[in-house]
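Got some structures for you, see below.
In what follows, chain A forms one complex with chain B and a second complex with chain C.
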Partner chain A sequence: MPSASDTTTGAAPAGAAPGGATERRSRFDTTLLGGKIALLVVVGALVLVFPQMAADPFILSVGVVIASYAALAVSWNFVGGFTGYISLGHAAYSGLGGYATALFITRADLNPWVALIGGGLLVAVLAVPIGIASLRVRGASFVIVSIALVLILLLVAQSWASLTGGAQGLRVPRPFGEDVLRPEQHERFFYIHVAFVVVALALWWAIDRSRFGMGLKAIREDEDKAQALGVPTGGYKLTVFVISAFFTAVAGGLYALWFGYLDPIFQFSILIGSYMVLMSLLGGLRSLMGPVLGAVVVGYSLEFFKVHYGDSQFHLVALGLLLALVVLFMPDGILPAVGALVDRLRPEKRTSIREMTAEDLLEHNRRLDGGTGTPEGTATPAGSGPGATDAERDLATVPPREEQR
Partner chain B sequence: MTSTAPVGGATATATTEPSLETRGLTKSFGGVRAVDGADVTFHRGKINALIGPNGSGKTTFFNCVTGMIKPDSGKVTLGGNDITGKPPHRIAAAGIGRSFQLCRIFPRLTVLENMLVGVRSPSVLHRMGGARNGDDIAKARELLRRVGIDHLESSEARDISYGQQKLLELAGVLMVDPDTIMLDEPAGGVNPALIGRIGTLVRELNAEGRTFVIVEHNMDMVMSLSDHVVVFDRGRPIAEGPPSVVQNDPRVLEAYLGV
Partner chain C sequence: MSASLLLQTLVLGVLLGGLYALLAAGLTLYFGVMRVVMIAHSAFLILAAYLAWFFHRETGLDPLLSLVVTVPLFFVVGYLLQRGLISRLRPATLTMMSVLLTFAIALTIEGLLGFFFTGTQRRINLGYSGSSVEVFGAHIAVVKLIAFALAAAALVALFALLKLTRFGQALRATIQHPEAARLLGVNTDRIAGFGFGLGLATAAIGGTALALDSTIYPSLHWHWIGPLMAIIVVGGLGSIPGAAIAALLLGVGQSLLQIPMGTTWAQTVFYIALFATLLVRPQGFFGGRLAQRF
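Moving on, here comes the complex of A and B:
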């Protein structure tokens, strides 16, 4: 699986660069790819042996919490990363997924894993009308609409005590039975969460490569323009929204099965929804692995601060400071910042269009002369004599980057 | 009305069948009638121009035709088919491509990725297919070379110059293979040499059979390029015809100069 930082890597420009540069460039890319694969193998191995290396069940449970955060953040990023619609209310779907899973087990006597998928599907169906209504508005309005749903569900879960247990909370039966002890259960859930994250990442990656994904990214950049180019924006947004709601709900259901207890205040909280956004922003929401990295940083920091500052709310202050620093110095997130750093080491800078070599320019101008002459019998309005030279100059030389509008 | 093109004769001249028509098209914002019962006919295979003073409703008219704004009343037909009030992506699929007044591209996608957004997808399966497939990329590179910015394909679109962005926008519209191309101020904010280059491209594309509708303030460009000019004032056409006739029409002079 390629690393997240290569999302904009295109095929090398065909025959544009002189031979030497191409060779060096590809060698650098080969090294980079090798490094990425090595990193992936090492990180993957570390994740797989983590439960064996964890010193005690507490550390193991922190691992599960972080994996659960990663599951939520990756699920959130289907909408946030592709379309740029920032939902602060995704706790609605994780909470609903948790409650649906729990109630399917306790009320309908379903197998826990069937209940988990059933909960996800139920939320996906509910997400259709919710998506149709909320995706009509953009930007800040969408954020507010997304929050409203969480608040409504919080009230419902607290008030409808006969179904949800109200403020008393809801107990969820342990899926592996009573004879599987806590540490053993932690270990199993750690692997289940990791598997879930891998599946979600694989789907994100596949969408990223598809025409569908290109349309979604176009919506993020300029929705009207995308629609004018034939992208059915409404259908695309709704589809990815439902996918995101399904995965978020399953992640919420997994949490319910692992933790064994649901409290409406915690399930339907703005804070959980904000964590999903912050983790993705921190890691880089336009990158595949960004939300995972963000989940590790935020999840670890939260547990670390909680251990050190006890029951006070100081862990939130510390987390806020951390985020402020990242947003100040790496506005696009950690992974894009690292990617930019790596690009600086590149011998031939692919992104720098200002450094066209003399040969490139010469060849380009030659091609312009040959390729785009005016057809017979038509006059160029601006006069083709001196104008043509100007046109070439305009096309071939690249001014320093200007801020747009 | 005559079908003789005043300047440039690459276009096949015989046809004057309507391509894009509006009847009684009306759109108000609050108390302002931006488009006021406009009956306009653009001709297939021609370079049609839409001109008029600032605030005469050209861009609103444009947006009503391309589905960005739903008209209050009236009708838009393309080759006889009613497309009134359809969403923009359906109108794009019906064969109308458009550019925007202040050039709009996807700033954080690369030039090549910008090109790959606009692909007509016949089926769900097609949409699930890879965006970076050989056919689409070959077509995108061909069009980028045609407008002269193929050397920039892996640059982010926000990093290229404004003139290059204008060319990118035009090339991106061509990816959808539209029969009718509507350009909103293609010459706005670009240097004279590039205006000439855009004019040449329009002429070439028109010679291949594409219909153009161009909103433009640059009179040199309008008069030298277009076959048919429609003059807008206060939300409706006040004159139309070949450029040589229109530019001497007293109503046009009045609308522009206020005399």
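Moving on, here comes the complex of A and C:
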């Protein structure tokens, strides 16, 4: 599960190698896995019973807000986590998703849930040209473009009052009937958000294990080298960007359906975009559950600040300081830090350097070649003769035969 | 559109473009020395404007005098910012993390401004605030002229500093090729800090100029950072002349578009130019090789 995703996947390709030595799992790992599963079950159960335990509708609504943040952060992490392209402007997609959903319902009389998915698809289509333009540049320019996108959409949403209602805002009709009361609404939306987060996490996990995900992570580590190795960087980046835009838009649409009111200043706000970054960064960009953990921490603190300090500007200072501290002292996030801590307890030390010595490896390969009796000097040249094919060897780690060294 | 209106618009565009050019030059400096996009630049701009306003309110003196305090102060803050915070980031992820760090600084400044001065809109009223000069039927406010003169003087001074002094040479060498500069005995770390200081000093001057003729409020910096970043991308990241030319062109473009389209829509010219540049020429129109990988 969470922190393991990056520390253990390094061993995954080796699992395909013959010999079966990597199949074994130490007792420590088994215990760890059991602990993780137990934790997952407990947390999952807690999440599911949360609406019943919530003391009053306000607590429940805070739960929905945090679930909504989690949905946004997980959606954001498709781009941020895999490719390392940090977008400060994902509020553009959540805002567009919210407005598209609302307008589909009010103007086109669509079923709310159809409108939600339709809004997501529309934003995904819009994200294609935006992605093509902004993914051409790296690093700083990409961030500039992402911020510019939010600012431009804010201008448009405020000025185009006939469509968006401008500064007056836009009412979104409730998806459930009038007879469903507020607490009941909160409860249903809480479960919908949780389901959305689970679906997004499942997709993230699937991508993480796929060839596609490997390519994306290669882009994150070194884009030029990835390209040189034949990763279709442009296509990969664009695909994951569009996936992320779609999920963010649906999350924004869900929020619009729940909250029932849209205001350009809050929808197309750089703050919302920076919340997504902060949450993912705090929890751990590269881990599956990182954004969720970050969303719980940041979302809870935000609500706490709102309750205790009201409308003062203090929450900006707190957000700024927290972001600065995370960037300076914990850029990898909480979960990787915890993972490193757990690794320290490990009885057998695991390093990134392979366990076999070169001599052992040579012996291993010679055995594979079947040349048990072959004297060293007369070993057959690579790729021909009896014994193992190169595919059977662990090519990634091997100096294949002695004479090539 | 009458000829005098057109002339007035053009002049106002150039005056606005001058301020943009100065601020974009600051952003370019940061980018040059550290490959850092300083999102907090416009927050410091607004901070300087608030300091000028505060200075005027407390002492009753001309806000221009606040420059005596703010320019050295901002220079020192910029130096400390670079030495103390930005240079501590990991080189591998410097570009992204520095954006987040400066973003965090911008939020903190905005929050503190709102905390101390409240969100109320502020404006400096001077004896010469309302007066204007007439040039061929175009009315140009005196404060705008002063702001432009200030920006232009600062820009010329910056240019002269970079071109004529030994420090300027070292700074340009650091921008061009840090390793080579280090081999030649330039203390690039210190120079980079000074580069940041200079960049922040432009924000101090720009902020004072801004305070003369604009209404200021804490969240105003978001309206500045977008256009400024568009300018440095269009001009080519890292190129000061490119930034200045792009600033003037886009400033005039914005002013001209204000007449048929209104103030809000005219702002979109920056973003359209930004997207068009990225599609046609991602390294910018005047920039050099620096920009290509960023």
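In this text, the second predicted complex is superposed on the first by the 315 of 405 C-alpha atoms of A that agree within 3 Å, B and C clash if a C-alpha of one lies under 4 Å from a C-alpha of the other, contacts with A are read in each partner's own complex, and residues count from 1 in each chain.
Quick note on the criterion: a residue touches a chain if its C-beta (ideal position, glycine included) is under 8 Å from a C-beta of that chain, and two chains touch if they have at least 3 such contacts.
Bear in mind that the values here come from a model prediction, so they are computed numbers and not experimental data.
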*A:86 contacts which: chain B (first), chain C (second), both, neither?*
second
*asked:* Output check: A:313 vs chain B and chain C. Expected answer is one of first, second, both, neither. What do you get?
replied: second
*asked:* Touch test for A:228: chain B only (first), chain C only (second), both, or neither?
replied: first
_Quick one: is A:263 in contact with chain B, with chain C, with both, or with neither? Answer first, second, both or neither._
neither
*Touching A:143 in the superposition: chain B (first), chain C (second), both, neither?*
second
*Name the contact category of A:215: first (chain B only), second (chain C only), both, or neither.*
first
_Partner contacting more residues of chain A (chain B vs chain C)_ = B
*asked:* So chain A touches chain B in one structure and chain C in the other; where do those two contact lists coincide?
replied: none
*asked:* Applying the document's contact rule, which stretches of chain C touch chain A when the two form their complex?
replied: 31, 35-37, 39, 85, 88-90, 93, 95-97, 99-101, 103-115, 119, 218, 222, 225-226, 229-230, 233, 237, 262, 264-265, 267-268, 270-271, 274-275, 278-279, 282, 291, 293-294
*Would you pull the chain B residues touching chain A in the complex into a rising list?*
7-10, 66, 68, 87-89, 92-93, 97-98, 100, 102, 104-110, 112-113, 116-121, 126-132, 137, 141, 145-146, 148-156, 158-164, 167, 172-173, 175-176, 191-197, 199-200, 203-204, 207, 220-221, 224-225
*Which bits of chain A are touching chain B when the two form their complex?*
8, 10-14, 16, 209-215, 217-218, 221-222, 224-234, 286, 350-351, 353, 356, 360, 364, 367-368, 371-372, 374-375, 377-384, 387-391, 393-395, 398-399, 401-402, 404-405
*Spell out the part of chain A that touches chain C in their complex, as residue ranges.*
84, 86, 88, 132-134, 136-141, 143-145, 147-149, 151-152, 155-156, 158-159, 270-271, 274, 277, 281, 312-324, 327-328, 331
